[in-house]
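Labels for the chains are A, B, C and D, by order of writing; each one numbers its residues from 1.
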Amino acid sequence: MSTGRAEAFSDGVFAIAITLLVLSLKLSGTGSVKDQLLAAWPQYLAYVVSFLTIGIMWMNHHTILANVQRVDRPLLVINLLLLMGVVVIPFPTILVAQHLTDQGATAAVVTYGLVMIAISLGFAGLWIYVVTRGPALGATLPPEALRQSIPGFTGGLIAYVLATLIAFFPPPGPSAAVIIFGLLAVYYLFEHLPSPADDGLRPGDVGTGP
Amino acid sequence: MSTGRAEAFSDGVFAIAITLLVLSLKLSGTGSVKDQLLAAWPQYLAYVVSFLTIGIMWMNHHTILANVQRVDRPLLVINLLLLMGVVVIPFPTILVAQHLTDQGATAAVVTYGLVMIAISLGFAGLWIYVVTRGPALGATLPPEALRQSIPGFTGGLIAYVLATLIAFFPPPGPSAAVIIFGLLAVYYLFEHLPSPADDGLRPGDVGTGP
Amino acid sequence: MSTGRAEAFSDGVFAIAITLLVLSLKLSGTGSVKDQLLAAWPQYLAYVVSFLTIGIMWMNHHTILANVQRVDRPLLVINLLLLMGVVVIPFPTILVAQHLTDQGATAAVVTYGLVMIAISLGFAGLWIYVVTRGPALGATLPPEALRQSIPGFTGGLIAYVLATLIAFFPPPGPSAAVIIFGLLAVYYLFEHLPSPADDGLRPGDVGTGP
Amino acid sequence: MSTGRAEAFSDGVFAIAITLLVLSLKLSGTGSVKDQLLAAWPQYLAYVVSFLTIGIMWMNHHTILANVQRVDRPLLVINLLLLMGVVVIPFPTILVAQHLTDQGATAAVVTYGLVMIAISLGFAGLWIYVVTRGPALGATLPPEALRQSIPGFTGGLIAYVLATLIAFFPPPGPSAAVIIFGLLAVYYLFEHLPSPADDGLRPGDVGTGP
């Protein structure tokens, strides 16, 4: 299968999962609409963190697949397991949105963290597979260049574990963990993987073609 | 990354967000189905206004990206922030659909207006970035031509602010604001940005190619 | 804009609207799961009719756009209005699924019929525009050939009006109307528009290329 | 119609159906969030089984269509009927997620099994049509090669029937049936159809092109 079709399906899943996050925004309770809107700040926080997370996962997913020219069956299976985690994200997002300020905060944020850890493992697996199988999949970078980026990329995994542990502390532990999840999304925004498609696209440079 | 992939992901998000608007149509309350259907007119109004708004945002989003041949990381981030606003639209749409005729009308419509203002800022940011970085991104129009369109494009932003202020007036203030949101969508339909792809496609002309 | 992008966005909307139909399947009430499943037959009927309807609308939408090589702004607006009807379909589908066997059957089915009539008008408008503006949009068939198909295509509109009127009769009037909606979907399946892409693809023929 | 467009629409439907599975994850009941999360294991099981099933159906759907160069009207109709089953999957998934541990387990799992049987019939129909009409659709493999794979492919159908019958046994009959559904997804992962696009993409081989 060409990379294009696997990417198109993955893009669709990312786009739908990111759009379903709006379902985590839902007023419930009593009082005026204004009061309910103001009290719903955990929903906005959870929405923003999850939106940035999925959005940046999408960018890095593209960067990974941009290194290969075709995909094989094992890569499709790893990709499917990865997407199984991405699709779940709206579920812990709703949990966090609803329980960040009540007794269930730790359980909600830990669930969120476990999903993120699972997805990080999926990304690590996808990337390691691409590095290992690079030449057979038509990778255009030398294996060494790819291998060098493993520490930086999988390093985020440890950060997700630590943030999840912080959620076990009493308030504002869970809220702090959610903010760290948001910062991790921003981290992955800047610390990204090598991509042939990114050559010449850094600010100040002129690209050589699409 | 080529413009194509960024567009495909954005198109997916626009298409899903516009389709999720149907979730704002939901009968609730008492009385016969016919009475409930007739009483649900704020839902239909909110649906139509939001549908036209997202649909025309999609067209203008395409027009903006049609000016560049590739996208860089900062543009992707601006685009992601813009989409974060677009995806939210079903939330204030449901608010307006449910509260346009009760005490919460002002709060609901102001929320709607704030989302529109945020999206307008995102569009302005995207457009200004394309204008500023045009040559490096392979823009095919001279920067001057692009720059001239900034006033007309960002002018809508001020209109959104004014309409939001109108929602603070007592009824029919909120309803009037919603109608203005609808008219703004129609405004953007006709007052659009320059696009190389639109050359020769105006009524009466014969296009030169796809 | 090339036809490809308008089709991709439209395809996305059709695909999402058809998939959201699953939301019309929802057990509610009392009794065992088995009894609820058996009592939910109006949901299955509504699902099948709406699924076939949207699916065949998608095919015919493709056939229409296959006749032109590019799209202009007015065509995009007509297309957007058409999609505004398609996206709504899950709403009357849920109404019919919930009320086909109670007092609200007529109101539910009439709502369904009105949406179908609106969509038929949208399709007629799209087709008439393509016929009228054919040469400027790069239509590959002579205008006469296109024009001949208007009666057959818009004839379904009258059938939708008649079926909607039948829903005003006492039971089984509403159920009969829903079955007619289903038969109309099958009708559009066989009585389709001319398409350059369909040449040579009829059973027994060998196609000349993709 | 070219295979590409039929695939793009089908891919969209698969991607949305797989993403809507997250709606089967929803806490309800009483007790702490932690207790609710632990008690929700049938939801996780149902989610994983359905996710793998749809994901692998997507892969095999691609493999089938990769054998033809274009599609005709009958193939589109068979494909639409197949998708009508795929889109339904979230409905029995939610049923199983909610009732696997109560009195409705058998009814829920049998519903799930019936949907799977219907989809299997759809896949068998699609594949048989492709085999029979292969040359006219530009199939690149000899008809004999395609025909040989019918037994293995449709064999899963019998397995689905058997698993559905097991759901009639008292507990843990229904749970066992769900696990068999999961194993069948894994079976289809390895036992796949011949595809021209897969040539040279097995582990250890070097592909010849995208």
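Assume contacts are C-beta pairs under 8 Å (C-beta built on N, C-alpha and C of every residue); 3 or more make two chains touch, one makes a residue touch a chain.
Keep in mind the model is a prediction, meaning the values are calculated, not measured.
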> Common contacts of subunit B and subunit C?
Replying inline: none
> So what angle, to the nearest 5 degrees, turns subunit A so that its CA atoms land on those of subunit C?
Replying inline: 180
> Is it true that over half of the residue numbers where subunit C touches subunit D are used by both copies, so same, or is it different?
Replying inline: different
>> Quick check: how many Å separate the C-alpha centres of subunit A and subunit C?
In response: 37
> Which integer distance in Å separates the CA centroid of subunit A from that of subunit B?
Replying inline: 26
> For subunit A, which residues are shared contacts with two or more other chains?
Replying inline: 8, 12, 16, 20
>> Under the stated contact criterion, what part of subunit D meets subunit C in this complex?
In response: 1-5, 8-9, 12-13, 16-17, 20, 69-74, 76-77, 80, 83-84, 87-91, 95, 99, 103-104, 106-108, 111, 133, 135-138
>> Under the stated contact criterion, what part of subunit A meets subunit B in this complex?
In response: 7-8, 11-12, 14-16, 18-22, 25-27, 32-34, 37, 47-48, 51-52, 55-56, 58-59, 62, 66, 189, 192, 197-198, 201-207, 209-210
